[in-house]
Structures are given as structure tokens and as C-alpha cells.
């Protein structure tokens, strides 16, 4: 071994440690140095909050295959608080007005990186929020519990995050997948007609959740028969083979629990090509009328049903509404998102911001504990861009912030509430 | 310069250097901030993974795009064992043996192939592994993944969790590095190098390429399993996303950037794997992909031999370089197979005319 | 039976997506000896350029032609100023460079055009044709026809033309090629430029179906590589046939072999590769290379 | 008339100097040998001519300075380099190899005739015309390399160690064919060879290189008569 090599070895170890030390600068032992509050009587402030600002952390995919919805989860909340900050900030329950800073990091949908991002942020942000993904949120769920860091209003329909017993420092925002599937199943079972159902679902907790909910919804209804059930991988380029196989079943209802926008569009087209024209069910995140149904030619089907709680940003009437215009303007101005998003996650994330504002208004102490306490007291709140009938309700254990969902039917342009099955 | 070189070659300096590193490893975790400890621990996890990859690729010249699969299997085995309440030593042994056995089985078949084919067969492991992990949900927890928090610091130590975890990584990772270092510098390492150089020559020297390819692959899988165990020590959660084949490609890139066929290169590769996303997040989280690509290209443009060649680049100032680019495994296989049949194989550089500017060829990196 | 035929047709049209990308990879490999992981990324960039031109009011056909021209120069410049540095060095590094290039280009597309989905206008009408007991869309048929045409052109380029011969000679032994009077640098640039053109065609061909996103080609890349290895890197026809074979067998295995199912069907091309290469190391259609010591 | 003129040529690999002043003169139609031990700079001298190594000094071909030209530009002037190690285009067939040799030419008819001439010169290649270059034996690859060079219709052939690694009988056959080529075509040649016996069957004059310098230069007859040449290179 050459001596120079050894010298280099030492040098590189030192250099490596140096880099780490620089990166870690500012992170102190024991979860960050607490900010001392001026009025000694109140509880000590948690990290990430001062008298005039509060910092929220997000770890979410900002690159890679899930970056589409991922970037939206940051854009929406950034747009919301961007506008609020421009007006001076958000009023808190302790009488102070604070600006809300968002610190978002890219986790590439890799659980390991999500955990690293959490480790990096936990001592400098007040709470973690809005991040997308089941595995990426699960990766640091237990760490967040141990560290007592809020993991609030995150974008996953995984029920574990809404179970206060198991997840005391967590709360999901979007309806758990089961709810959405179940709502549709109940509607279908209530039709009183005989139906055969073909199911295609994403091979992960997302697809499984929808199917599980759907099956719960039709339980005991003997007018519904599931004739074929297939899965696809989120990484698939095409699901033509599945559709061909499902079309062979001749089902009159197609329950498609699919979260990949391009695949939904090509599924709509392919089914028509095959001459199979069932009624469709689509999940809330892939049922945008202009981004998906129109290019897919969904008008050809007897009915396309979806479950939703928020308006679709791509709908033509959206930009005309006051909230919609404010939303789009905020995206453009504060979130560097110039055109209407094809993903509903932007609207959801915007609503997360609005919901957080409600929580902040109730917080009398600048602590994470008080935040979590107040987080679970919001009920009957209609966030901007919510559909009529849907509200934010965080008081029901076992349910995420939004659990009331509306089954809707596509009318060729947009959606209308579907109270009952009609065909 | 000679005087400094002499200085470093003295035994007491060597021992003092080693001693200093050991002291740093003992004291460091106690004084560094929590996030630094966690980051170093993560670097350790992926340095071990890159080290495994180096055994099969850097030293033996067989392209493996499946390393993350073995890391994942190791992590799953750890999670399963811990959650079933087995003794932790037994769990560790399983986390090494299960991937090693799988690696052996795969290698018995794959080592018959060469070049690109072996790359395609190994990339299949993580690609098929993801849906397989979802299907075997009784063992793996399905797509929701599985956690195992077994690495919290025991009461008696009085340590924080991150300190305890970092010590575990130093201990297990350190032993793995030392054993691997001895392996690649010994008889087996020489055999690997011969197989890498030319399989036909190896066969004529009585070194069975097939046997050594299988051996290298199995060892790489075993080291991958160690990395998987450490993954659970540090991250404490695994899911099918853990073994996404994209991470395998990132590991390969990290190995080349660190320095192929080099022990220190493996360490630098692990640091690259962990720190690059963190650094790009620090610059601008919205353009991480573009930044990561750009940084990778710039680093390789300046240091085609990887980070490990940085000091060599310095030393080369004032000294002429001797031409002779070596054919490494991936590209060696991926480039037209002409070179193998032509003894004095030519390079593009020859054909483009006499090099006017001096661009050093990547240094041969068969030993570190 | 109807389902069976339909599955075969579906497989052919999915296989054509893989084939489109695979042909570009083959061209670069034949012209420079490299496997270019960034080929899919470059194809996506080309498709975005066409989409953007279209957005400025350029008719789609002209926009595509414009993108093709831009792609040629882009490909040539990438070769000259990035890849050239690594062509004379360690081939491992060159491959990792193409991986870095893929990451960079994907990130660049996302930076310019965001990760939002973009609808790409289809060159073919959304109609279908009855075929036996099955249907095929005009779009799939069009894609297949274009692929076959490109494949034949490429085969002719390699085997029949001086340019093709020069490209291959440079990839195999640049020094010998130069001693025969071939301008090696220019040949390498032309090779990358032409491959980028093929990539551009592939990109605009599949963009209407896959929806334009920065990662549009990522899913197809692994399949395309598999098709390249299976078909034999030296044969455009072999690669296209392999891509179709992968598409069809994957579908059939998913439906008719219950153990595999739709989740594990991705194992099919790799099993195929393994079995075929054990028997024929040069791939289905590749020329046999006898290596002497 | 002098076709190729080298005077005081110095060449470098990186900063390592390999040639320390080599001179050489090849008349039109003549054949000059370069002899010497391994590492004496024989191959580098050829590489300096064909532009694959950095060099200084005089290198003139037909009165034209070759410095700064790329190898393909040198080839275009009419210099064909048969490199050490043969440079077989392994993945191309024998016929394709020959077509690559004729890359610069546009006279299709004459090219076909030249292919036939090459196959006549090296009959072994005729049977292997569809084989890949890599499937050929060492001798056949050497013949192919020479044939590929001839296909360019050069005025000057640079032959580097054409006998290296070949069985004596094969080497002899190769040199016989080159001799025939010389008589029939009058191509000028620079022949680098370790086996001086073989070289002397072909060349009119030769120079012996030692550590990058001309040590001895003379006609074939003169050199053959020198004791030190006999001892060092002729095995007697």
C-alpha cells in the first residue's frame, strides 16, 4: 500500500466528517435549543416558533415518479400561507400574529430519505405536515411519536395515521381509502339492481384500501357480484392486458382504484376501443374532468362516478369562482406553479393550510402539545374549495380530518352529486 | 513531499493514525449533534452496501444491478426476526445468511452469463422483488412496510438513541470493512482481479472464473445483508420502496463516484449516496434531480477515477501520466466486445489524434 | 380465443413502445459502443420541445420536425462536449455518466415544464379497427408501422450504407477506423445525433399514449434494455422482435399462468433473457462474436 | 524523389519522451525498414507519422507537413497504417472490413476489383469473406489488416510488426504476399519489424533505433554485412 494513499485516507475521513459537521451545524443535542419566551409564566415554546413566525416542515417527493402529486402537496400550502403572509400573517390563539414559513425537502418517495429529512427538520420546524405517501410517512411515524413532533394533516389514506391510540402525534388529512371505496359500494348496493363488478386496483395499500372499503360497502348485498379482480403495478407502462381480461368478464360496473393519471386516461380510451362500456368508479385523485375524463373520452360511458370532497382545479368553472381564482393566483405567485394542476393534491394541500390556520387560531400556547390538542378540536369547518356537504372534522377518532365524502357523477363537463344510482 | 511520505510510513505514525481514528469513532458520537450522528450512521449503512457491490463489481468485474435487493432482504429479515421476538444475534445471523443464500442461488445461475446479460439478470432482482415483497405480506407487511424499533439505546448506557445506533454502525460496519479489506488483499482478492482482467486467462491459470464469480456474488449479497441489518438499526422501517431498482442504480453510481475497486472509495460512495440528496435539498429542494445530475456530471468530468482519485490528481501535477485506460466491468461489457479480441486495443483518443491537452486517464483501481 | 388474440395485439402495441426506445439505444451502441441510459430522458426532452413548439402555435407535424432537428444537434453536442471526455476512459464511468445525464435531463424537463401532466396531441385518429375477434386502435397500428419502418431503415443503414459501416467501425475500433480515413469525432457525433433523432421519434410516438411527464420513459427503459439484450444489440430487427415478444409473452403469462399474475409479469422478460442467453449468448438475432485470447 | 521525410522527430506520451530525434527518408516506391529492440521507439515513429502521438521535428509527406493533422486526415493524404495488433474490426465481416478500408474512395468498380485483388493476394481470406473479423486466426487477421490498408489505394504503407505472434511459416507467407504487392503496385513502405531476416526480404534500406535514436542506417546489403546486426537481429 502506498503511503500517499494512507495520507489520502486520513484526509478523506477528515473531509467527510467536516462535511457532516457543516451540514449538521445548528442542530443541537436533545431536539434543539428551546426558544425562551419573554413572559415567564407561559409554557416554554417548542422549536420552530417565535413571536412573529412559525416554521412548518414537509418531506414529500419533489422528484421521481410521484413528483407530480408531490410538488402539489408543497405548492398548495405554500400558496395559501404565501397569501396570508402577504397580508401580515396568521393570527394565533395567544393573540400574536405570525408569518408561516414552509420548509420542504425532497424525499424522492424513498422512506430512507424521508426519515433523513425528518431528522434534519425536526429540531428546526414546529410541525411536519402535508407530505405525500404511505411508506414515506410511515418511515418516521414512530420516530415522530418518540420525539413528540406533530405529523399533522399528511396526504395518505393509510388509516394508521388517524388512530389516536396508535398515532398520538399524527393525523391524516385526506379520507382513508376505505371510506371512498365504501361510499361507492353503498351507493351501488342501494340501487336495488343486479350488478356485476370488475375491479382493477393498484398493487399497494392504496388499491387494497379502496377494494377493502368497496367490499365492506357491498357486504350482504346480494344484488352485487364481483366477477373479476385484477391488480397493476404503479410502475406499469400499460394496463391494456388487464383491461382486455376484465372486458372479457362483461361486467357492467368497473371499479378502477388507480392513482396514476396517464394510466387512467389510457384506460378510458382502451376500454372504449375494446367496446366494453361499463359504469366507472374512479378515486378522488384521478377523476379530474378536464385533465383526465375529457382526454379519455369518458362521456362514452353510461356513468363515471367518483368520490370527492374538493373541487377540481381543472374544471372550467373553477377559475371563475372567487376561491378558485385566489387559489390559482396564489399558486402562480407564491408557489411557482403557473398553470392549473392536473392533480387534486394542490387543492388538498391548500385546504391543509386553511385547516392549520383554524388550529393556529385556537392555540393559546406556542407548544407542539397544545397544537396537537387543538388539532383534534376542529369540526364543521368548510375549508375553501370544499364541495358542499364536505367538512373538516378532526374530532372523530379513527378518521382523518376529512372523512365525509360525496359520491359524484360526471355529467359530461363536471361533476354533480349522485344521491342514488341512476343509469 | 518525500519527507512527508516517509513520515507517514513510520510504524508509530501508522498506529497513531489508526488510534486517532478509533478515538474519533469513540468520542465523535458523544460530542456531535444528533443530526450529524444520524447522517454518519446512514453513511455507514450505505457505505457497507457499496462495499458489497465493490466486491462483485469493482474487484471481480461482474456488473450487479441487484445489490439493493440484498439490502432489502437483509432489512426484511431483520424486521421479521425482531418482530417475532427472536434473539438479536440470531436475527443478525439470519440477516446475513438469508441474502447470502439467495445470492448464492442467483449466482449459480447468473454467473454462467457474462457482461450485459448478468446486468439484466441482476437488475431483475429488485424489479421483481418489489411486487414479490408486496405479495409476501405475511413476512413483509405488504406495501405498508414494517417497522422494528430494536435499536434504542439501552438504559444502562446512558446514551441517546442516535449515539447508540452510531456505535452499532461503527462496530458492525467497521468489522465488515476490515474483513472485506483482508479478503480483497489476500488470495481471493488476487483471484478476483484475475477473473476481472480476463476470464480465459484466469481459466488457463487454474482459477475457475465461474467459482470465483459465484463466490464474489455471494459475499456481496452477504455484505448487502449486513447493510440491510444496519438499515434497520438506523432507519428502523422498511417497505417495498426500499428495494426499488432505482436505488440499485444509485448505488452503482455511488460506487463509481467513490472509486471502483477501492475500500476508501466504498466509504466515499456511501457518503455520496447519503449526502448528495441532502446537499441538493439544501440548495433548492425543487430542482434536486437537475442538481444531482449536474453535480454527478461535474464530479466525474473532473475526476473520472472517482473521488478516491482526488489526491492522486493533485500528486500528478508535475508528473507525466502513462496512458492505459482499463476496461472496467459495466462499460467493458457494454462496449463493443472488440477490445477483448484485440491485444493492443485502441481508444477513441488514439483515433482523434495526438492528445494536445493532457487529460489523465482514470487510474487503475484494482487495489486500494 | 378472442381474449387471446386481443392480448397478443395489446402485447404488440405495448411492445412497440419498448421497441421505439430500444432502437435508439441500439443505434448509440452500434455507433459508439456505449449503452446510453439517458436515451429515454433525451426522448422526453425532444417530446417536450415538440409540445412547446406546438404551444407557440406551430402545427404539430412541423413542431415534431423541428424537435427532431433540434434533437440531432443536441445529441451531437452532448457527445462532443460531455461523452467524448469519457469515451477514451473507463467504460464504467461512461455508463454512470449517462445515468447522471438521465437524472439531469429529467430534472431539467421538470424545471422548465414542471411535473404537471401534459396532453400531447396524437398523430393518429382515435379510431379502432376490427381484426378477427379483436380490436386494434389506429394509434397502435400507426406506432407499429412507424417502428417497423424505422427498424428497416436502421437495418439498411447498418448493413447497406457507408455511413452505417463507418459508425460501426468507429465503435469497434476507433484507431483502425481513423487509419482508414474515417473522421472518428464526426462519426461519434453523427451517431449520437441520429440516435437522438430516433429518440425524438420514439418520444412523440408514445407521448400521446403515456401523457407527457418528465419521467414518461422511465418505465419503458428497463423493458427497452431487456429487449436490446434479448434481441442482440447488433440487430435492429432482433431488438424489435424481442420487444414485441416481451410485450406479448408478458401479457399471456399474466393472464394464463395464475402464479405469475399481473404483479409478477415483469419477471417474464428477465426469465426469457436468462433462458435465451444460456443457449445463445449473442441474443436472438445478434451475430456471434468469437472471442480469441 | 523523397516521399516521406522525417528529421529529428521527438515524440511524447504525456511528458515521457519516447523519441529523441529520429530521422528517416523513404523514396517514392521505396521500402525502408525500422529495426530495433522493444521500446526503442519503432512503433512510436509510425504513430508520429499517422498522427496518433504528439511530436516535434520534421515530418513531411510528399512535401506536406503532417503536424497537426488527425489520423483520418493523414490517411486521406494516402498513408495507410497497419497498426501493431492488427486493429481488426472484430464485429464486421471480412468483406465489411475491406469496405471500411475503401471508405474514402467513390470508384465502386475499382473497389470491387481491388477486393478481388486482395482476395487473390491472400487466398485464405476468400473462404472467410462472410466471417466476422473476430473469428479469424491471427495470421488471417494480419492479412485482413494489410488488405484493409491496400483497399485505400495508399501511396505509403506503414507496416507495424506484421510477423508478431505468427507461426514462422505464416509470417513468411505474409511477407511473401507483401513482397508481391510491392512489385505489382509499387507502393512505398515503412516496415517495422523485430525479425530482421523477414524485413530484409522486403526492404531496400533500414535504420536501427536504440532508445529513441537512429543508431545505424544503411542499405540492406550494408546492414547484413555488419557483425553487430548479425549478432543482434539475424541470429548469427
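Every chain is named by a letter (A, B, C and D) in the order it is written, and numbering of its residues begins at 1.
Rule of thumb we're sticking to: a contact is a pair of C-beta atoms (placed from the backbone, for glycine too) under 8 Å apart; a residue touches a chain by one contact, two chains touch by 3 or more.
Quick caveat: nothing in here was measured; it's all calculated off a predicted structure.
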Pair joined by the larger number of C-beta contacts - A-B, C-D: A-B
Identity of the chain that, by mean CA position, is farthest from chain D: A
Chain centre separation in whole Å, for chain B relative to chain A (CA means): 35
Chain centre separation in whole Å, for chain D relative to chain A (CA means): 72
Distance from the mean Cα position of chain D to that of chain C, given in whole angstrom: 42
Where chain B and chain D are represented by their mean Cα positions, the distance between them in whole Å: 47
Chain C residues counted as touching two or more neighbouring chains: 106-107, 110, 172-173, 175-178, 184-185, 214, 263, 266, 289-292
Multi-chain contact sites of chain A, meaning residues that touch two or more partners: 63-64, 71, 203, 233, 235
Where chain D touches two or more other chains at once, by residue number: 52, 70-72, 83, 87-91, 134
Residues of chain A that touch chain C when the two form their complex: 63-65, 67-68, 70-71, 203, 230-233, 235-238, 240-242, 244-245, 248, 261-262, 265-266, 269-270, 273-275, 291, 295, 297, 337-339, 341-343
Chain C - residues contacting chain B, complex: 29, 33-35, 37, 82, 84-97, 99-108, 110-111, 170-178, 184-185, 188, 214, 222, 225-226, 229, 233, 263-264, 266-267, 270, 273-274, 277-278, 281, 289-293
Residues of chain B defined as touching chain A within the complex: 4-6, 8-9, 14, 17, 21, 24, 28, 32-36, 38-40, 42-43, 130-131, 134, 142-145, 147, 149, 160-161, 231, 235-242, 244, 246-247, 264, 267-268, 271, 274-275, 277-282, 285-286, 288-289, 307-308, 310-312, 315, 367-368
List of chain C residues in touch with chain D within their complex: 162, 165-166, 168-169, 172-173, 175-185, 234, 287-292
Touch list for chain A against partner chain B, complex: 1, 3-13, 16-17, 19-21, 23-24, 27-31, 62-64, 71, 104-106, 108-113, 115-117, 119-120, 123, 134-136, 138-143, 146, 158, 160, 203-206, 208, 233, 235, 336
